[in-house]
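Pasting the structures in now, so scroll down.
Two complexes come next, and they have one chain in common, chain A, joined by chain B in the first and chain C in the second.
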Partner chain A sequence: MSELSANLPPRRDRFRWLNSLWPWLCAASVALSVLMLAALLTLLAVRGLGHFWPASLEEVTLRSGESFAGQAVREVTLPQQEGDERLYFTGNRDIDGARWRWVAVDEIARRTQPADLIRLERTPWGDFIGRLEAIEQHDQRWEGEAAWQRLNALLALPISQRQDSQLLLTTTNGETLRQPLANVVSAQAPNAMSAWQKVHAWGEGVWRFLSEGPRAANTSGGVWPAIFGTVLMVILMSVMVTPFGVLAAIYLNEIAHQGRLTRFVRIGVRNLAGVPSIVYGVFGLGVFVYGIGGSLDEWFFSDTLPSPTFGTGGLLWASLTLALLTLPVVIVATEEGLARIPEAQREGAVALGATRLEMLTRIVLPMAAPAMLTGVILAIARAAGEVAPLMLVGVAKLAPQMPLDGEFPYLHLERKFMHLGYHLFDTAFHGEDVQAAIPLVYATALLLVLIVLTLNLTAIFLRHYLRRQRGNEC
Partner chain B sequence: MARCLISWVWFANDPDMTPPRLTTHRQPLRLIKDRVATGLITAGGVGVLLAILAIGVFLVWETLPLLAIGDTLAMAKLSPLAWGTLKAAVAALLFAIPVALGAAIYSALFMSARLRSRIKPTLEMMEAIPGVVVGFIAGLILAPWVERHLASTLALIIWLPLSVGLAGLAWRLMNKKLRRRLPFSWAGLWLVPWLALMVALALWLTPWIEQQWLGGDLRQLLDQRFGMDYATRNAMIVGIAMGFAVIPSIYSLAEDALADVPTSLIEGAQALGASRWQALWRVALVAAGPGIFSAVMIGAGRAVGETMIVLMASGNTALFSASPFEGMRSMAAAIAIELPEAAPGGLTYHLLILAALVLFIFTFLVNTLAEIVRQRLRRRYRHLGGS
Partner chain C sequence: MLASLHSAHTSQAPVTHFAADRCCLSIDHFSLAYAGKPALRDLTLSVPRHRVTAFIGPSGCGKSTLLRAINRLHDLNESVAHSGHILLEGQDIHDSQMNVTELRRRVGMVFQTPNPFPMSIYENVAFGLRLQQRMPKRKRDDIIEWALTSAALWDEVKDRLHRSAWQLSGGQQQRLVIARTLAVQPDVLLLDEPASALDPISTLKIEELIRNLKSQLTLVLVTHNMQQAARVSDYTAFLHQGELVEYGPTDQVFTNPRLQRTENYITGRIT
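Let's turn to the complex of A and B:
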């Protein structure tokens, strides 16, 4: 027995070659993480920005003789069968009853890209794809190329001045349609555009996405109210969280007796950053909305009860909840900054006769200011991306009124507001035509990621820069 | 008079110099200001801390009425949710722990310092990507894609590690010049295109293999042979998506713990004849063990509480099933969906708040444990005469 085992190499040595494999798996983990991150960001950037590029329109004739016009979206291999299937966006919901069409690639007889195909964006019924025959205004009539130029001229005017114009449109299968110009938002003839015109149209599309409100149940239009709501909520939140976070950090680090209790409190505060955001949402709903909001309604707004004023989710409660959520972030960052200030600075200040207040305001706080700023930026980044608690305390699918307007008292804290993250969730999961909304969801997701990443990068660079500066000083 | 004038001229010429002041006890205003400010700061600080404490108090207070009802109903309502939460968290951790720890080991011990200073912030940036974006990609893009390419996805899970072994073998066989151009300390970067290539290869080949050996459709096979249902949004999708979200937090903490292991320990082990990997496996990992444990704990806490990803990628069906191809409903997702509709004071309301309390206590305990372990570890390193 002992002889036998002496002949064989020990068990561990036999698997020694495996040892040189492990480091490679570890290296691959890094590569995999980087790959996933890069894939996610590329996907968002390509789809989010690509949506605004004027896609060319195709006129498709099938073997059956039927023809239609649309934008090719994607191709899928058929399960269990040979051949591919292609999805076309055809628009014209008022005529065909549907906006999408799947066509087997084999059935397509001919595909062309005629330059006179146009795409109109309309407020009811969504997009129209077809040809422009004529424009009628009063008794005047324009046809052909003149009609297209007249249309572009009219679209540049405000809606009130293009009341009585009518468009005569035909689809590719010969149906005609009279379209009042007042309902048309924009017009494009992408097949006739030069590359430069496409770039221009792309820029215009991005700008409209950022500056306009949503249309057609959030499936088209822009996200301006959501951007506005997010920014306003985040500003309110930082106004609330900064002073309190800094106060608590100063108390913990400079005033409280440094003992066992302070250490426990510090661990507790640090751990609150790890408590799920939804728990804060529950707290916000129970205490702020139902508790405080309900009482406020009873005391001050009893004439409008039972319809609640403050007793329902709103801007104030949402920003308060998020302030509570981000409080640990600010406290921890500020405390780190305070702890890094050399004790000699404080002692020096006190030795020169400063009171504690003077030492804090003239020596300690200016030195800790960058750390505080970092904390606030991190808090903003966290709040901008947080959605779950907002679903409980006041975000709205579609807010009829902006929370900030010209009506007294200008800032309406009780109103519901729109939020980029929730807008994304709602459009992607509760929309009526998810297929049509997905490009916009991509664009919204890209915007949200850009905002959050920019804020985080700012915080990182700020911290890095200031640490280096501080390093030179000491 | 003259002295006064001289001192005035002196101070006027040197703006940095302030005139000597009276001592504080002769300036009552300054003293009072200081007292008031200290009082205010104390009040503010204590107030903030109390407000934080109020979260726990509120949650406990609102669940008290449940005691009167008895716990059978609560259990019936909450146990599928608890199961779903557990399933989602386990799925996420199964994906995240190997990847995150592997990445941490590589970047703390093998990676070149220059690459590390770039890669680490990049991976930490992953943490900042909002859950709602990850959830959207997982639920609407990844889930339907995986449903159509199930065989390819499963093949990728096996093929990627194998292909990495292949890369290691190929590297060993390369000539020295090329090997110097692609050093192992930069492998984290140059393996990225390799992996992308391998993914493409697998996606290109698997449909053919599936056609040859599995009769065309793996999903059908699963259903017929094993009776497994396949839901589009399932635990596997949640695992991948939430794993993606949890990787950076585990990675960052574990990497810190490993990088802080005193180099003298590893060098000592290598001096005694251990290979680099042995030194790492038997010395560095053991020394950093508590830190890695706390990293995993914090990752688990995050996975349990993550709301949006589970909400969007899981299908939200409250099922008791261990199948990775079926959905689940987690406590956090249930709260987000049901609480706005629940009447305040009603049974559902209290039950959901109980769920929130469970989440709160769980994450708080886990994080506290992790924090205490980490502090102890830091003390141990200091004791070992670390860096």
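Let's turn to the complex of A and C:
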């Protein structure tokens, strides 16, 4: 033996330099991934949430003597040109014809932040930036500081009680404007605000973004209908996909003869998870919307034809399409959970006189429940972010009615709905005012991430609860 | 050494028979095959009531297969075919009149590794009862206390009946599984190497339990441990390669085996 080993050449490690390096390579990959994720979330949070901060308003006087008021947005260096240019949001589209203004930094003679500059949010024409001269109501008239206080008092009232007031406004270049108070949504004087007031105004802005509907072709206002539509669609999708996926997994793992056909089906199911989502959209449009929806319309809603009820995209078909899309995920996860249950548990139940159904419902399914929830979590994560198939089967740029309301039958499965993902896409590319859309895109993206996270966390906590209830990890 | 097992014993293996009134289980020319490969060949033996009968033999000799056949656990596996009869109190367990869940209630089974269900101790013992007819909670509590006491576990768990069964030690888990089986009041208890995964002290407790339980029911024990078979069983059957080699009172099989191959196995000259 020793003679033999003495004849062996000494071991040569050709990759010795790798031995001390590879843990660092792995660590670097982890660090890079974490960094990228953190950068993504930070960017979304800063750009999205920063939009609601009441920014200071500047009164700018140019070298030419012209002056205007606005909020400095950003500066860029233009190629092949001397100096920087700064973008100002100036509002006043009804007076100036534009809401944005690029100014060469060299042109600016003087910048001040006067405390009496105010910013009004109005329903037609968007924001106004300028000064409040007076408020007139019937014969009464308030001026100066009294007018500002009167304005805030009136804005606190419901919209029906402030019909008859008029605001007298002036812009910084001297034009005057009569503004009916009924069209004013909110008023701010950010230069005069304390830090605490700014925080308060910021919170109010975020809340309005979350709780109101969109305005001005999705370039301002809130996203509440889109949040609602996204969550409702995901919940409906989960309700549809879970029973189907679980039953299919039970059949594949517990009932079917484990032969070549079962293996083939299993491979097929796994591969379905990789089909591009838009393909599911096409399938949903052809089969659910035109096929089933068209037939439903013929049988039950023929009095309203040719305008379709179910024969067009809607909440039901969108949820069903996404349920189909996520079905493989649920099946695979459930099957893995079922396969992990020790044979001894099944035999133990059967040996006590349980039938196969009793064994399934009392031992196997409770033990596999966390795995099923894992499947649902993965399904939610996939479905909540999916936009492409929805564009074919029921999402709308602006849905006139919510899919859930107080009107019988309360849940309107045939209605089109809004979705955050699609809202994001629409805001970014189809708005008339791209500059105004940018912060909203960030804010909507952040919200979408948070909603997917919340839905996932709910399911994860549910799974954790189930595991704890059984008193042990499995 | 192996050759001695196949020595010229062509005669019928020596078998102890019991009168019908003492016989609980009677296995009659029973053969079984997994996917065409024979695992049990033409076994005939009878198991006496209220006694401990041990099946011994080298790995793969078919002793566990025989035990599972008595509980009809092979029903779950499509590739198993059998012939011959197994009679429980004179009734063929494969008879179409025999309800398989009722058979499994009457013939309890305990496996090699403890397999308590992922629920509380109480619910584990109640599991079999809940499969039977409904009963008032009071009665069920009484049966559970009786079963846990019979399995010598009551004193250890009476204060934590509603804790997870998975928190018990291996030996306690195995006694819990025995209690779970006892709760449905079986006539026969099949034990498939019940102590092989346990430490020596837990093993002793299980053995003592087995000796105590024979006043209540008939026990059939499969074991690899010769000493255990000698300690707890009244009758011993030696199986080899799916055939019954020798069957008789344990004293006789261990001290004065009739066949050379039995002696070789017991004395450790063949594994």
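Here are a few things to note about the model shown:
The rule is simple: the second predicted complex is superposed on the first by the 414 of 474 C-alpha atoms of A that agree within 3 Å, B and C clash if a C-alpha of one lies under 4 Å from a C-alpha of the other, contacts with A are read in each partner's own complex, and residues count from 1 in each chain.
Keep in mind that, in the parts below, a contact is a pair of C-beta atoms (placed from the backbone, for glycine too) under 8 Å apart; a residue touches a chain by one contact, two chains touch by 3 or more.
What you see is a predicted model; the values in this text were computed from it and never measured.
Of the two partner chains, neither chain B nor chain C is touched by A:Ile235.
Between chain B and chain C, B contacts the larger number of chain A residues.
When the shared chain is aligned, chain C comes close enough to touch A:Ala349, but chain B does not. Legend: residue contacts after superposition of the two complexes on their common chain; A:His257 is shown touching chain C, with no touch to chain B.
Contacts of A:Arg362 after superposition on the shared chain: chain C is touched, whereas chain B is not.
When the two complexes are overlaid on their common chain A, residue A:Leu210 makes contact with neither chain B nor chain C.
Note: residues 353, 355, 358 of chain A belong to the chain B contact set and to the chain C contact set alike, using the contact criterion stated above. The part of chain C that touches chain A in the complex is made up of residues 71, 73, 76, 78, 101-102, 104-105, 108-109, 111, 113, 115, 117-120, 127-128, 131-132, 163-164, 166-167, 177, 180-181, 184.
Those residues of chain A lying in contact with chain B across their complex are 19-38, 40, 43-44, 76, 79-80, 243-245, 247-248, 250-252, 254-256, 265, 267-272, 274-283, 285-287, 290, 313, 324, 327-328, 331, 353, 355-358, 360, 381, 384-388, 391-392, 421-422, 424-425, 428-429, 434, 438, 441, 445, 448-449, 452-453, 456-457, 460.
The touching residues of chain B, when paired with chain A in their complex, are 21, 23-24, 30-31, 33-34, 37-38, 41-42, 44-49, 51-52, 54-55, 58-59, 62, 98-103, 105-107, 110-111, 119, 121-123, 125-126, 128-137, 139-141, 148, 160-161, 164-165, 167-168, 172, 184, 187-189, 191-192, 194-196, 216-217, 244, 247-248, 251, 275-278, 281, 298, 301-302, 304-308, 311-312, 332, 335-336, 339-340, 344, 352-353, 356, 359-360, 363-364, 366-368, 371-372. Taken in their complex, chain A has these residues touching chain C: 257, 342, 344-355, 358, 362-363, 366-367, 470-472, 474.
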